[in-house]
Each structure stands twice: as structure tokens, then as C-alpha cells.
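Shared between the two complexes below is subunit A, which pairs with subunit B and subunit C, respectively.
For the complex of A and B:
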């Protein structure tokens, strides 16, 4: 893969000056993906509604130094499908000679839930595009409501904490696995804390997107919604990996492979404790069952993943 | 315990109204400027044994509301323009299946995402005509926090009584403003329950109107087994392609509303009886209109206000009664095309001196802008 020095000389397609919060994980994920784009290729970016879209296109400015299209929450993958299909047709007829690549960046709201139908359709039809989910585990743009990506036990404004309720009762969707089961060319799970791993996956993604659909799910913590100090974004992401809450793996043409091994995991409680959205689980007694259920979610997810990874685990 | 006055937001008052009316089911998907309704429901519904469901989108939200209503609950959802657009197909089912439900559309600027946090009153026609086919429903529009409460109770009453979806066309201004309001004690405001079948279950016809023009509605889970389909159906609920049946069904959907039109159409007038200049208004713009009329009267102009509380069915009779008497009619509204002005012109005729005041930049209409139209 490109060296850090090489990456640092590349022109950023997401310009500085956007209005995402200081300490936001989303633009870090986007930049790690865009820096891996071969410098000679052009990108067409599509964003569904979300923090990223709103904050990078504040009137009268844009942060996007490339072709860009926004559509409402449920439509990104379908919109980009149309762009890519027509581009391919024009290219085949020789009417376009330039090398264009297509990428959608959606939050977990626009990806796991309302955008799931159009995403699934695009993956099944085999469009040559990358769909990147910057996963911050709730609807942050509309005020921290629970999503299909919100973990069990987390407080959100629509999974409130009180005498009876202890945050979200349900577990989260394993969207990366669901996308891999669409038999896409390449699917991977990454975290902004592991930039080398993410950029390596993004390089593969850009290459594989010439053949067919690619899905990347990148953990991008949100300090507003998760309630932690803004300077701890990377640390929180790293701990999600160290506790096996967020395993880093890829599915390359059907081959499942762990890309970062976690030999001696920390208990998931170590990660939960750092976040205000789980603070109620550590106040007083009576939450042992919820904590145990979260740890059980993590353990089950890891063992299922191990069963799928046939290749050797890296050191 | 006596109720205390509270500084309530319009969206909160809507939730209070829904709970007061006996709503026990909410399914929704967050969208500005309606999200507080979902958040309040998530907090309050479980306390009264109700159900709060956050769905994956607005299509799912209204579908779940229809399902819950058929299971016997008073059910509702809330959204704004983009979500309301997604709900149209299912709203058509609610009309066709005569399923009582309440939908809050907190209007914001469009088209498409538009100015997502700014107000508009540009969904007036969508409220009425948003879905395909021969259909009609009831739409109400509140102008204050107090009206947010009372109209929500009214919306449930209409929905349950007439077996029809009722839409509250609120706007970002009333939804987010705060005013003092005391929730009335239980029993103070009438709450209507849906009419249930009483005869032998095997004789139950879910779409056969009784003398009052309305068919009783059983609940799934009761001994009354019934069939509901989005396709054209007969009184028994089974698919029916007979032209005579189709004509009867479509007419029935309209006639039950037409029959009770005088109960359904709500308006308020302010110094409108003798008005030479009549301002016809609705929603948050009512407030600017009333201020403008007051200032005009101070200058010796006989100005009054007719507030359309019910938007659909359109208050033709009330507009005609006051509008024909006035020399000039002014219709201020927060949309480009004059969606209500067009209806008013239809009622009063092309010769009427009708002045439109349209604002569609995401900002609120001011009394001064309405006063200017009187010059």
C-alpha cells in the first residue's frame, strides 16, 4: 500500500473548513477512504442526508473537491447506481475516456435502516461502486435517536433510561456480514483508529469497485452521542477493537479473513465505561444482566466470525 | 392532583393531546422538526402501558400504525415533508381500509430536503391530494400550543368516529414555540371511542355502513374475524371487481365525510363579521394575521380574520359567508403558489378582489407584510 509519506502528498478531496464537530469520527473515515483513491482517477461522491452531508455543504460552500450528489436518507445507493450504470454505458460506447470511480458515504441511519433497501438492491444488481458506512451507532444528525446500529444498553433520546428501561433493549444488526452475504466482490469492517488497516482496505475497495459492488463499514465514534471527551475519539475507536466489540476483518471474493487479531481482549465493560451513553449501567446495582448480555453479544459475534475465517489469523 | 400550567412546546402538546385522547401506540422515524414527538412518546407511552416503536423509515412507521389501529389501538405517527411523502401509499390504504389513525405532518420548507429546519405551509395540497386515486381525508391545522393539544384530541375523535385517517398539518413554528398550557383534567374534553360491532361475529361486515353512515370496526384478536385488502373490496372485505361495487365504495369513502361536513369543518373568526378587509389564514400565519388586523383597525380599516382550523374538507361555506361580504380578501401563506388562496378564489369567484401574500424563503410572515397588502 501507499506509504504515509505518499498519502500525505495527495490532494484531499474532502477539504478543510467543514462544520463537523471537533473530534468527529466521520471525516476521518472519509479521508482515509478518499486518500486511497488512485491519484489519476476521478471520484463521484454521493451522500444521503446525515451529519456528513449537512456539515460539508453549508451554504454557500462545499467541502467536496469532486463531483457530488446529495439525496434524501433512503436513496444514496440507488442514486449512485443510476450514475454508475450510465457512466459504464457511455464508457462502453467510447463517449467517456476518463477513469471515474463511484462512492457513497452514509451514516448508520441512512445505511442500516431507511437506506437498507436501496443498498441491498445496488449490491445485488452488482453495481461497480463502493458504499461506505461511517457507523456512529445512532441518528446523530436528528438528535441522537437509536438506530439498527445502536448497541444493546445504550442510551439514546428514543431508547431512554429510567426506572424500567435501561437504554436500548435490542442488539445491533451485523450489517457487514449481511452485505458480505450479498456475495459482493469485497466487504470489510474497519475503524478510524487503525488507519493503516483502513487505507489498505480502501485501496482494495477502489480496485475491486472496477469489478463489482464493495461495502465498507467504518466505526466512527461520535462524542456528542456517545458522551465522551472530544479528544478521545481515536482512543474510543481503538478500544472498540481491543475489546472485540468491533472486529476488523475483510471478505474478499468470499474469503473471510481477520485483518487485526485481538489475542487478549479487554472486557467490553472497559469500553462501555468510557462513554456516558452507558453510564447508567454502572450506577448502582441491577444492571449486571445487561452488562453480561453485551459481553455475550461480543463473544458470540467473535466466535461466529472465527468460524467464518478460514485463513490463518495474523500475528 | 390539579393540573399545573406548564411551559409546553407545540410538539409536546401534541403528545399530551394524543395521550389524553387515549392514544397508546406510536410508530415513527425521527425527522426535524417533528422529532420531539417521537422522543416524548418514547418517554411517556411506556408509562401508561402504551407502545413506542421506532421504525426503519416512514413507510414502516405508517404501516405499523395501520396495523396497530386494526388491532384496536388509537395509533399515530409524526413526520415532516420528506417523511410525509413516503407515507402516501400507506395513507391510501388507511383511506381505502377505513382505518382510524392520526398523522402529524410538521411542515418544513421544501421541495425535497429544502431548508430542513425552517417553516413552510406548502403541503396544503399534499395533505389533500398526496396519494393517488379517488380518496379523501380530514386535515387540521393548529396555530398555537393550545390548539396543538385540542386539535390532536379532535383528530383522534374524528379518526375514530368516521373511520378515516386525520392529518394534522402543523408547521415548524407552532411545533417549536413554547406557551403556557394547562392540560385539562380527564373527562373535561370529550374523547370518542370507535364504534365496535355488536351482532353475531359470523354476520359481521367490516365495510357495511350502518344508519349513521359508518361501519363498525372490530379489532384483530376479537371474535370478529375480518379481511382487509388494499384492493377494491365489498362490504365483507373480500376483493370485488364489480363496477357497481367499486362505484359504491368510492362514493362511500367520500359521502361519510360529506355527511358530517358541518361537524368536521372548524373555523375561528376574529372581528370578521363586519370586516371590509378579511384575512383568511391558517396555522402559524394566523398569529401574524391577527396582529395585522389589529393594527389595521387602529388605523381605521375594518379588518378581520377567518382562521381555517380545518383545511380539508375545505371550509367553502364559511369562506363564502364572510368573504362575499368583504370588499377585499387577503390570503397570506408560506408557499409560492397560494395553495389556500387558490381554493378561496374558487369559492369567491374570479371577480373578487383577492390579494395573495406569499413567502417561501423559510422565514415567518410578519404583520407588516400582511398590512402592506391592504394598501
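For the complex of A and C:
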């Protein structure tokens, strides 16, 4: 795996001057993935609508130093499938000789929900591309609406907190597992705080993308939506891993493997307490049930994952 | 690619590229997001061991690395989020109020 020193000599494909918020998690995820690209290869990036897309392509400026295409909210995976199929055809005819790799960066809204059908299709058809979801657990671009990735109990503008409601009633979708069940060559879950793990997975992803579809789900906290101070973005992501809320694992050709073991997990409440979107759960009494339900979600998710991982790698 | 965008506000529609595609890859470096900053990370070279954690955690690629060694902060683009100062294990980066350091 490339060292930080090596990574620092590579070209930044996401240029400075993008207008994502100070302390945003998304560009950290993007940088970790793009820096892992083998230097001799070229990247083609596609974004569905989302924070990343609107903030990196404000006309007449663009932050992308590689080929870039945006189409619509629901069809990033379909768009990139087409681009990749075109590349394969041109390559076969000898009209392109360079090595191009294809990657889509979508938020959780454009991935879990709106872009789900096109993503599922691209994975099922076996296109040779990487789909990266930078998961910030709500529609942040439009002002914090709940998505399929929003965890139980979280406040959003469409899962408000009041006398009756205590934030989102439902749990979150396990999209990484859903993608792994598409029998893709490689699927993995990562977090921006664990950069070594993320870069290692991204390196595998770029290699496997020559064979077939790859899915990466990277936790990228959003301080505006999660309500925490902007300098804590990495700290929050790290705690999500240490509480087992966000397990780090990979599914390589059907084999499930834990990549970062969490032997002594902190209670998930430690992670929730740091975020304003869960503040109502700690105000007064009567929310113990919700807290218990969130912990139960985490425990169930972990035991299901353990059952799937035949060889747990301790770290 | 060189793409001159001076006076773009007054261009007729016909002069804009089809689909309003950006024609100069990475020209967002011309946008000085550094003026968003209210706190500035100040680097103390003596405390730094070039572990480069600030580099990999910077959302704005505003940590300058030369030949594998930390070389400072790009204040033209650093938005002052403070992630680098929070994550630095050796306290080689510290946040200072911008009005105290700006002329």
C-alpha cells in the first residue's frame, strides 16, 4: 500500500477552491479514493446531483482535473455505465490506447434512494466501474432531509422532533450488504477517519474495476447536518467506528472480511451525544426506548456481520 | 487547457460552451476560498515530524507537501475548519484568530 509520503507526490485530481463547507467530510473521502489511483492511469469521474457536484462545478469554474460528467440525480451509475461501454468499444477498435478507470461519487441521497435503481442495474450488468457513496446520512445539499441512510432517532427537517416524534422512526438501509449481494467483485465499507483502511480499499477498488463492478461506502460526516463543530469531522467518524455503529469490512469475491476489529466497543450513546441531531434523546426522560433501539440496531448489525465474516482480522 | 473567462458576465449566450461545460480542468484554484476563514492554522515547524495526517485529512488539499515533507498551509484556499489542528498529535498546528494575524 502507498505511504502518505508517496500519496503526497501524486496529483490532486480534486483541485482547491471547491465551495464545499469548511470541514466537510465528502472531499476527504474523494481525495483518499483519487490519491489511490495508480499514477499511470486516468480517471473518469461522474457525480449524481449532490453537495459534491454543485460545489465542485460552479460555472465557469470546475475543480476536476480529470474527465468529469454530470447528468442527473438518479442516473450517475447508468451514465457512467454508458461512458465505460463506449470506452471499451473504442479501445477494442484501437481508437484509445490509454488506461482509463471509471468512478462515480454519489451522496447517500443519490445512492441509497434516488439513484438506487440505476446503481443496482450497473452492478448487475457487471460494468467495470467503481461506485463510491460518500455517506453523510441525509440530503444535506437541499438542507438536511431524511434519507434511507439516516439512522434511527436522528433529527432532520423531515423527521422533526416534538411532543409526538423523536426524530426518524425507522432504521437505516444496509446498502453495503445490499451491494455485496449483487455479487460484485469487490464491495467495502470505510470511514474517512481510518485513512489507511480507506486508501487500501481504494487501491483494491481501482484494480478490481478492471474486472467488474466495485462498490465503496465511505462514512463522511456532515457538521451542518449532524450538528457538531466543524473541526470534529474526523473525530466523529472515528467514534462511529469505535462504537460499532459503522463497521469497517470488505467483501472480496464473495468473501466477507472485517478489516478493523473493534474489540471493546464504546456504547453508541457516546457517539450520539456528540451530535446535535440526537440532542433530544438526552434531554429529560422518556427517550430510553429510542436509545435502546439504536443500540439494538448496532448490536444486531455487528452480530450479522460477524456471522458473515469467516476470517475476522484483528487490528 | 487555457480558457480565458475575463468579462464572462457580459458574454452573449452564443459565446458560452454547449451545456455550460467548464473548459479549464481545475480552474477553481482561481477561487480564493481562503477568505472564508475566521481562524487560521499556524504551523510550528519545530514541533512537526511530517507524519502528514493533516495532509490526508484536509478537505481542501490546502496542506502543502514538498518532497514528502510538510511545508506549510496554502492560505489562499484553507477555509480554516481546524481539522488539521484537531488531528495533529504533536500540536504543531494551532488555530489563531484571523484578525490577530491579518494586516
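The rule we apply is simple: the second predicted complex is superposed on the first by the 313 of 315 C-alpha atoms of A that agree within 3 Å, B and C clash if a C-alpha of one lies under 4 Å from a C-alpha of the other, contacts with A are read in each partner's own complex, and residues count from 1 in each chain.
Assume a residue touches a chain if its C-beta (ideal position, glycine included) is under 8 Å from a C-beta of that chain, and two chains touch if they have at least 3 such contacts.
Note that the structure is a prediction, hence the values are computed from the model and not measured.
Trainee: Quick one: classify A:79 as touching subunit B (first), subunit C (second), both or neither.
Mentor: neither
Trainee: With both complexes superposed on chain A, which partner does A:159 reach: first (subunit B), second (subunit C), both or neither?
Mentor: Only subunit B is touched by A:159; subunit C is not.
Trainee: Just subunit B (first), just subunit C (second), both, or neither: which does A:233 touch?
Mentor: Touch status of A:233: second partner only.
Trainee: Give one of first, second, both or neither to describe whether A:176 is in contact with subunit B, with subunit C, with both, or with none.
Mentor: Neither: A:176 stays clear of subunit B and subunit C.
Trainee: Between subunit B and subunit C, whom does A:243 touch in the aligned arrangement: first, second, both, or neither?
Mentor: Neither partner.
Trainee: Which partner chains sit in contact with A:189 here, subunit B, subunit C, both or neither? Use first/second/both/neither.
Mentor: The answer is neither, since A:189 touches no partner chain.
Trainee: In this superposition, which partner touches a larger number of subunit A residues, subunit B or subunit C?
Mentor: C
Trainee: Classify the contacts of A:113 with the two partner chains as first (subunit B alone), second (subunit C alone), both, or neither.
Mentor: A:113 sits against subunit B, while subunit C stays out of touch.
Trainee: On subunit A, which stretch or stretches are contacted by subunit B in one complex as well as by subunit C in the other?
Mentor: Touching subunit B in the first complex and subunit C in the second, no residue of subunit A appears in both lists.
Trainee: Can you tell me which positions in subunit B touch subunit A when the two form their complex?
Mentor: Counting only subunit B, the residues touching subunit A are 29-32, 35, 38-39, 42-43, 46, 52, 54, 56-57, 82, 86, 112-113, 116.
Trainee: Can you list the subunit A residues touching subunit B in their complex?
Mentor: 49, 54, 70, 72-74, 112-114, 116, 139, 142-143, 145-146, 148, 157-160, 162, 164-165
Trainee: Inside the complex, what are the residues of subunit A that reach subunit C?
Mentor: 4-9, 12, 14-28, 31-32, 35, 56-66, 192, 195, 230-235
Trainee: Which residues of subunit C touch subunit A in the complex?
Mentor: On the subunit C side, the touching residues are 3, 5, 8, 20, 22-33, 36-37, 51-53, 55-62, 65, 67-68, 74, 76-77, 79-83, 85-87.
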